[in-house]
Amino acid sequence: MVAVDDGTRAARMRSHMEQLYPICRSITGDGVRQTLGLVGEALPAPLVLERRAVPSGTAAYDWTVNEEWNVRDAWIADATGRRVVDFQEHNLHLVSYSVPVRARMSMDELRPHLHTLPEHPDWIPYRTTYYKRTWGFCLTQRQLEAMGEGPFDVVVDTTLEPGELTYGELVIPGDTADEILFTSHVCHPSLANDNLSGIVVAIELARTLAGLARRRFSYRFVFAPGTIGSITWLSRNGALLDRIRHGLVLTGLGGPGPLVYKRTRRGDRTIDRAATHVVRRREGEVRDYSPYGYDERQFNAIGFDLPVGRLTRTPHGEYPEYHTSADDLGFLTDEKLLDAYDALLRIVEILENDAAYLNLSPHGEPQLGKRGLYPTTGGRSASDTVMAMLWTLAYSDGRVTLLDIADRAGLDFAQVCRAANDLAGAGLLERASEHPSR
Amino acid sequence: MVAVDDGTRAARMRSHMEQLYPICRSITGDGVRQTLGLVGEALPAPLVLERRAVPSGTAAYDWTVNEEWNVRDAWIADATGRRVVDFQEHNLHLVSYSVPVRARMSMDELRPHLHTLPEHPDWIPYRTTYYKRTWGFCLTQRQLEAMGEGPFDVVVDTTLEPGELTYGELVIPGDTADEILFTSHVCHPSLANDNLSGIVVAIELARTLAGLARRRFSYRFVFAPGTIGSITWLSRNGALLDRIRHGLVLTGLGGPGPLVYKRTRRGDRTIDRAATHVVRRREGEVRDYSPYGYDERQFNAIGFDLPVGRLTRTPHGEYPEYHTSADDLGFLTDEKLLDAYDALLRIVEILENDAAYLNLSPHGEPQLGKRGLYPTTGGRSASDTVMAMLWTLAYSDGRVTLLDIADRAGLDFAQVCRAANDLAGAGLLERASEHPSR
Amino acid sequence: MVAVDDGTRAARMRSHMEQLYPICRSITGDGVRQTLGLVGEALPAPLVLERRAVPSGTAAYDWTVNEEWNVRDAWIADATGRRVVDFQEHNLHLVSYSVPVRARMSMDELRPHLHTLPEHPDWIPYRTTYYKRTWGFCLTQRQLEAMGEGPFDVVVDTTLEPGELTYGELVIPGDTADEILFTSHVCHPSLANDNLSGIVVAIELARTLAGLARRRFSYRFVFAPGTIGSITWLSRNGALLDRIRHGLVLTGLGGPGPLVYKRTRRGDRTIDRAATHVVRRREGEVRDYSPYGYDERQFNAIGFDLPVGRLTRTPHGEYPEYHTSADDLGFLTDEKLLDAYDALLRIVEILENDAAYLNLSPHGEPQLGKRGLYPTTGGRSASDTVMAMLWTLAYSDGRVTLLDIADRAGLDFAQVCRAANDLAGAGLLERASEHPSR
């Protein structure tokens, strides 16, 4: 595995986001296919993003795959023909899934179809109408105030017809068929933190995992539209759900704020403990499950009960830029994206390496000194390296795992893992069993 | 059930208290019988308060029913014949269960029998001597200071002879023979918060429960003297104790301070969870059991181990007016009495309605929108109504109950209960089992 | 048992420490034997300290008993023959286990063998080199600065040859063969808090325990060198380890700071609960186990898993005087030594007396008044004595122990124990079973 410096990685993520940002994504349509195409191109050989297409009208448990929606153009023009709101200028101007319209109307007639954010007069809000057949425009408060009374020519040149829902999947095989699942939604148009950040961090993670010499787990990355996409994926993959040992929904990783891990519904899965260890050591926050949010709602639903948590920074709805045009590429920083990528690697490191060990010299503390593992002149305190060994010996009874020990000792998992390797190398410890999964 | 406005209810409680306040109650005697008579009259037809009489000398476990005590008159007069302390002026002037006396004595002889509150010179303390045959007077510090050296004529014209202990019971039948027990003591003379408040709130609660179209539980209200009364009741009702699923001791509900719930001895009964839910959401306080207090001591004793908690406001001994003449009708407010009544109704609502449900559409979140249960335009957050449905669906696995869900979600039980009803109405949920009782 | 006043006890502890302080102790050698001799003399008849000698080279699990080390003399002299560092002046001047040296050397050659504490220029540090064959001197920073460039005559006149490791044991038999173990290390030269305080408090404890009319447990006191001493002891006493029900490592009891109890590795042993009760009620601190410290590391190792906690004040490494010449007799106060002794007695009191009782009058609160156990005039609150009885009755179901009750009630164990005795005397309570040990 070739080390990549942070600058190279950050530049690559930013370049991907710049390509992805202008695309008009929704839960179906050309934008999703273009997005999946770019994700596929971003993956290094031999990784291949498999694209799946599910016809409109297909049943997925309680849901039905939507008609496909595409936009040719959309605008509001004033009496002089000047476009005062123009989809060509910003994808967010058109409410997603707007039905076709071509009409002249007064401001009074038009007004119920216009959405603004009076408290942020220069921002365009993001609105959707997937399940109610209507239409609308989103615009800045300043645009609205400058529009006058009309009349206006309103054109929504969209199509809403049988087509397909599209998602992409990538599998990186490991030593076992047990899987770790990462998912990111691909349905948000021109929103950077709430969508693109998850996609590009997932790409970097896949790239690194593919480069590892060995993997205990197989890794599955799913890039799908939110809600209907994940439910459709779940409905078509019942046979493999038993193999999903751990999982994370990824989004909102490049904006401000510390990392925020949202627990699984049960709250006591291995992924909860691994993510908590990593996030807390980075001054991040850990929250209990709630049934509102991203696709963790679907994976955790009682009928699936999958151990899938969620990693974000400040979550949806808690920062003013959320679901507005202010969630643009300038809202993200390289430092936050890299930090999220690094945290994910450390979570994976725990899932890959955690195990219970057995102390083979359990009658008193073994003499580390004669094995070259201990400073020989008695001093005043022990280094973290020695302490990690002492903690590992003290608790390795064949049931307690390295993560248990790291948490109890207040040490980083990586330190305890190194100590276990050193002690195993000296014949003082042997691996007892895998960590009980899920 | 006819709705009653708060003003009507408050006026009714106050009217009952005005009738009850002047009566000289003790653990036996005419005052208890008059009190039970007035309680019976306060209940609307067809409710009937059954009165029970237990002869003096009857054994009740480790205790024996006392002789009956009645007062004709009692006073201390100065040399001119003027009554300087007079039972006719205030019931509290005579120590309860004082034996008869008729004597002339100096202040030196009298002083050991006089009780005052030097720190509250205008208040009369409340004292009893149920189990030591003596006598005494309670008076204000100012009265004491004005008395001079005597001699005094002391008259305690009481009787203490074989009679009966009296208590009242009211049963409102429900769909099952399982019972919820409410008890209030009826042995305190002219004390408003510490006695009358519990009685009148219990009467209002009985009135409302009787008016319900259906009751899952039967309800039993016991009005009995403290300690010996509840032990006597327990000794005569062994056969029904197994049917008591939940219970509350009620007193001290009209004074200042937030609601204070005292847990059962075990601390993890259903009544503990229900009362905690209600009291905490009203900024009240929840305390662990301690073996000092009111009749919860008897119900929770190891030999009975009944799930009976206690609801008060600031408890006995923690407000200066406690057990003094300052605990009068002016010490209580309608607002506090009504709030206590309302909290009790909400506790009953939980006990009646809590149950585990089963999500019938558990594979992902069901599509609430197509059932008219969800706003159709994607916005920024979900209402409490929608959140209550999402929480209920997320956790209704047939074992977790609505109260569990409300506590976890930080929602009011009533909201979650409505959500469960709405979801059941839409065919998304079905009742799985009753809440495990006790 | 004859009561001893605090002044007598304090004077006795100080006298023992004054005899012990000048001795040059290490993990083997004459100093240990002299120390054990003095400990033996300090014990009142018929107590006998049994001395055990284990030959150098004997295997003890992963360890081997060291060669015996003795010092005839050691010094550094300047060109004029004046001793600038002199073992005769302070034991700490010589690094423990220094190999023999006789050489003339420049400061450049000598410097790597010199140890000082620049931040405390008047203190001599304490250093050892048990497992690396080298030598060194410890001196004050001021001495070092005054030494000049040399040349110096360096003499370390020590012997390091086959001999023995020595430790002492004292057993005070009780009603059962189950044992409580107290250990103190005896390997530190001229350090008062970190060594002598544990020894003299243990002597006082043994003296008092031997004077008790009855003991439920047998008591074993071990005075042994740290680490190799306790491991050697463990290796030779496998058959009795099952009898050790509770234990404490004692050291650092006379310096400043509150008592600090360090839990056993498992953290939920009876000794943990007993010591926590006592230490918390003295504003002390309770800490979780960590695998660094004194001999608790060995007793708690997985292969032994003994319920041995540790009692100190501010622990090793957390006070600047630790392992320096400033840890001298002036660093200790009688008050702290006596307080530690008293805390130990109270811990023993719990271990000896804790048990579950059965309430024989469980149907309601028994009538304490008629048994002379309750004030007869109803007042405003109950005394601690009455409360201790009420708590004991309320929870004595044959499984809950007196310590459980004391902790729950926030009362001192001694109060609850007295209440149980009073109630048992009145026929209201009977002993149900011993406390589950370990």
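Chains here go by letter, A, B and C, matching the order in which they are written, and residues are numbered from 1 within each.
Quick note on the criterion: a residue touches a chain if its C-beta (ideal position, glycine included) is under 8 Å from a C-beta of that chain, and two chains touch if they have at least 3 such contacts.
Since the structure is predicted, the reported quantities are computational estimates derived from the model, not experimental observations.
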Would the interface of subunit B with subunit C count as same or different, where same needs over half of all numbers used to appear in both copies? different
Matching the CA atoms of subunit A with those of subunit B requires turning by an angle in degrees, to the nearest 5, of 120
Length of the line joining the C-alpha centres of subunit B and subunit C, rounded to whole Å: 54
Provide the list of subunit B residues touching at least two other chains, using ranges where the numbers run on. none
Please name which positions on subunit C make contact with subunit A in the complex. 60-63, 95, 127-132, 134, 227, 230-231, 234-235, 265, 288-292, 297-298, 300-304, 317, 322-323
Using the touch definition from the top, list the residues of subunit C that touch subunit B in their complex. 359, 361-367, 369-370, 376-382, 387, 390-391, 393-397, 408-409
